[in-house]
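In what comes next, chain A is part of two complexes: it sits with chain B in the first one and with chain C in the second one.
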Partner chain A sequence: MSLKLSDSVLKGLQQLGTEISMDISKKLITNSLKHTLSPESSVPSVPDIYAANADKAKLSEYAVVSLLVVATKHCYEATALRTYLEKNEVQPIILEELVTTYENHRKELTIRQLQLGSDFPHITDVQWRIMADVRSSTSDCSSGELNFHVNLGRYNESNGARETIVEFVCSTEELQLLINKLKEIERHCEKVAN
Partner chain B sequence: MDEVDKIIVHSLNQIGCHIDDQCTMADFTPTLLVRTVSQCLKKIQPLSTNIPQELPEGLAMAQRFSIATTMSAIISNLNYRGDIGYQTFLYPNVVDVRKLLMFLIEKIPRDEVKTVTQVGSFSDDLDIWRKNVKETIAQQLRKPWIPQYCRNVAPARNFGFGSQITHFKPHHNLMLYAKKLPLQNDYATQHKIMNIFQQTAKQDFDLISSVLHQNSFDLYLSEVITSGRQLKISPQENYLYIAGAGESGSPTLNDLPEDINPLSKLTAELNNLKGENAELLAKRKILINNINSMKDQQNLVQKELECIRPEVKIHERASLVLDNPKENIAKLETLIQTVLERRKNLDQQWQDYRKPMLDRIETMKCEKHLSNAKNAKEFSEIIKQLEQDLYEKKVQHNQLSAELRAVGNDRAAPRNEYIHRILEFISNIRKQRNDIYKVLDDTRDLQKQLNSISAQLQRQFCYTDDLLFQTAKHDAHSKLAYKLLATLHSTCNELVDLVAKTGNVTNSSREIEVQIDREKTKNVTESLEQITADIRNFENLIHNIQTEIRGIENEISKA
Partner chain C sequence: MVLNLKKEQRKHLELLCQRSSDDAVELCKSAFEYLNHGPNIQRYQYLAEKYSTNLTVIQNAVEALIALLIDATKGNANAMDMQRLQQEEGYNNDVMEVLKQFVNSKRHYIEGSIKSANIRAHRLVNIEWRLEVRLATRSLLRQSNIRVTMKLYLHTEPKNENRDLLEIAEEQSIHPDERRNRKDLLVQTDLNTLVHMIQELETALYESKSRRIRNVVSAIH
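Up next, the complex of A and B:
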């Protein structure tokens, strides 16, 4: 699959080393890499980058991040990346810098990108309540029927909060049915394992 | 017991020992027993090398003895609970053989007892896949439970599987450029826009997703623009006209009065051209019609020419002939005669040839009729034969299918019967166990009563003893009473002891009877006779070997 970068990305890459000075470009590249690898705001900001041409610097940041991310996505080899950047007239020193950064951090970028994606909901936590009507305005006594309120959720990794994925109510028989079906899964697993 | 034997024989045949189906445990000679046991041991321990195969016949007593002892050693290593030794193989009895074979058959790994049907490499792959699945599930079930947060530490190093997933949530409107509005300070506008990291962090969007989305979006936009332009540039002239008309026809309102003239000119030109086109088309039609009619005429003329040509030829020849009439006539007449003669000859030849052929046809027709008749007879005979064969085969088929059904039912029904029997056994055993518990409870109660009564008796005896002893010092009657009490007590004790002893003796006699019955089933007398015979053989052998040794020693001492 060939690498396809939009014009704005290419423009941002070409600006590095030419319209933005060399050492600021290098700082920009390392800063962008840090931000890409650790998305939490634990990366300290480097205000020097934006001292001179702030919008060009921001465009170049976007360009560097796009380059790294799209190259990781297509599993581009470093040599192919080098030829592509040469074809698009990126400044040679900057080119070397980008390619070495990509090569050195390729594994971490891949891991970071592998965690990205859509998936079925992953349930790791169950909360439950047994509720029974004691009394209501519509009848003199309660039906005495128990209702099981079950809340299936998971803990968010980034902020530790619990998010509900499914919440449902069922009667005793339905709960027994569910439990029996789940036990069947366990039995089948053990049977297959033996 | 017969069914047990049948099952044992059947399982042994499935392993590969070729035993007759009617064989029972009583028919197992030492050789057969050794062969089957060695086969079973080979299946249980396929890698072991020192399993004896056969028991040598005849007087090779020492070898037989050693083979039997090795086999019994191997079987005792397999944790066989019963009594096993060389006697089980050399002097077998039904009960031990049955126990041993049942033990060995149970020890054989399950795959061997069932027949395996291989379907080729497809089932191998399936088996490998199944094995992998089985191992993976077993491994995962054995893992200890770890809370959700700790689960991803190791797998992340193996390229991130697990529940830690960042959802693909792109920021749809990443701001990359600042619109250059005049009258504003460049510095201020440049710093108003956040960089992409701030944009994505603030609103909980993912940086990588946003960047990928923006890149793809920009690429898509640029593709749409370039492909849109291509639609307007098309090689056909009409489209150019229309495009040209379109382009020139998208004017602003100010250009309207100047348009009328070029438009009317163009429409007039168009009408002229249309008229010319119509005229030319009409002319073309007429000309085509002319051409067609010409072509038809030409065809007609050609045909007439073809008809006339041969007549012309004949006329030419006739005129040639008429140049020199008399000679030519004579020549022609001779020609005619020769031709007539030739014709006669040919006719004759033809007839000569034709007759035998016709005769041949006649004969062949006759033969054909005859052979048809023959064939018909033969066919009818063959049909009769085949019908008979078919009838016989049908009868056979019916017989065999009836047998199969009978045999098949035998297999299916016994299973249900066994199940019923097993359930009955279980209920019987349960009842017996309950009875035994009841008996045990009764015995315990009796024992308690006995204990309490004997204690009471002892206390009573002590009391009366004391009482009488007190009065016995002065009174002669009470002395007598005291002596009588003592004798009564001792004799009653003796009675009680005797009763207990008789009880113990009956118990032991019952146990001994059970043992006797057990030993009777082992048909000891036959084995004893065989053993005594073997001992005699051994003695003879030893005697022979001793004489040989003495002979050799003599020779050596002489030499």
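Up next, the complex of A and C:
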């Protein structure tokens, strides 16, 4: 499928290195890459970019982000990207800068876009604690059994905070059954991989 | 004193002093039936006529027997405690034998309900899983991302003899109260995390069998 960008995005790309100075354009491309890869809040602002002509700079910023995201989405090759930009008369130095940026960060861009979209909660971490009851409101003595509290969670990609997805309790036998079940899944996965 | 029966409950059990061991067995059976299916007024009426007494006496005796069962389990009563009860209440030896058997045989049944189940955390009951490959998304048209999707079945009901009964009942229909105590959850993970999870949980299991933990548990038990 060939790459297709809207007129406003093309305009934003074409004004880089022409209507916007070369120096600012390069800064803008670097900054736009950061915006594409990380959440908005973690990118420090660069006021220089918007000093001369804020409206044009914002349009170009939007254009660079769109170019990187759409090219990644369609798994576009760098050479095809180059041909497309040449055809649309993007300033040659800027063209080179855009293609190199895309080529050098393709892996990161792909990983970033793998994380987008709807999914079931994705577990990436497990925490556990072992508890034994001593006395309770309903019983004067310990049941002598251990309980395993298992907490499955994930780390928030934008702020790194841990979030609990599910927490449950297992007895020793139940924990053993859970481990066996997980190992069974692992075995099946290995079988498929081979 | 381990057995902490109320005066009123002791009074309700007086019926046992006047009856034979066979009658005591019958009353104990009714008490157990109460635990499984709730009160059975028809049966109490029948027993009341048989013992030439009234319905309330039988009902109170059955409830007092359940109180005795719970109390004995709660306090982990031993033979000595039961003997003390016999001395205080004057049951004959045959009736006492029936009571001891009743308490001992049903202790395990009660234990699950009162010991570990007072605070109702979710328990993992079952896992269903599926190995999947995500092939495309709106933001990335070409990909092959392997993941394991799991459905976790969680219950808050205690796992013990009582639960087994609930499982049988489930075949017919799930009571709305029981449904409220259950939830299932869809989650997913990747293969690296799966391996990590197995390792972590095995560490937990290994740790639980350590001398230190065994010593602590036997000291508080």
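Here is the rule we go by: the second predicted complex is superposed on the first by the 118 of 194 C-alpha atoms of A that agree within 3 Å, B and C clash if a C-alpha of one lies under 4 Å from a C-alpha of the other, contacts with A are read in each partner's own complex, and residues count from 1 in each chain.
Quick note on the criterion: a contact is a pair of C-beta atoms (placed from the backbone, for glycine too) under 8 Å apart; a residue touches a chain by one contact, two chains touch by 3 or more.
No experiment lies behind these values; they were computed from the predicted model shown.
In the superposed model, A:189 makes contact with both chain B and chain C.
Once chain A of one complex is fitted onto chain A of the other, the partner contacts of A:169 are limited to chain C, with no touch recorded for chain B.
Touch criterion met: A:110 reaches chain B and chain C at once. Applying the stated contact rule after C-alpha superposition, one finds that A:2 touches neither chain B nor chain C. Of the two partner chains placed around the shared chain by superposition, chain C is the only one that A:121 touches, whereas chain B remains out of contact. Once chain A of one complex is fitted onto chain A of the other, the partner contacts of A:50 are limited to chain B, with no touch recorded for chain C. When the shared chain is aligned, chain C comes close enough to touch A:74, but chain B does not.
Of the two partner chains, chain B is the only one that A:36 touches; chain C does not reach it.
Put chain B and chain C next to each other and count what each touches on chain A; the higher total goes to C.
On chain A, the patch touched by chain B and the patch touched by chain C overlap at residues 69, 73, 110, 113-114, 116-117, 119, 122, 124-125, 189, 192. Taken together, the chain B residues at the contact with chain A in this complex read 133-134, 137-138, 141, 148-149, 152, 156, 159-160, 163-168, 174, 176-178, 187, 189-191, 193, 195-197, 200-201, 206-209, 211-212, 214-215, 217-219, 222. In the complex of the two chains, the chain A residues touching chain C come out as 69, 72-75, 110, 113-114, 116-117, 119-126, 128, 130, 132-134, 136-150, 152, 165-172, 174-176, 178-179, 181-183, 185-186, 188-189, 192. On the side of chain C, the complex with chain A involves touching residues 73-76, 111, 114-116, 118-119, 121-124, 127, 129, 131, 137-143, 145-150, 152, 154, 159, 185-191, 193-198, 200-202, 204-205, 207-208, 213, 216-218, 220-221. Against chain B, the residues of chain A that register as touching in their complex are 4-9, 35-36, 39, 41, 43, 50, 53-55, 57-59, 61-62, 65-66, 69-70, 73, 110-119, 122, 124-125, 154-155, 157-158, 189-190, 192-194.
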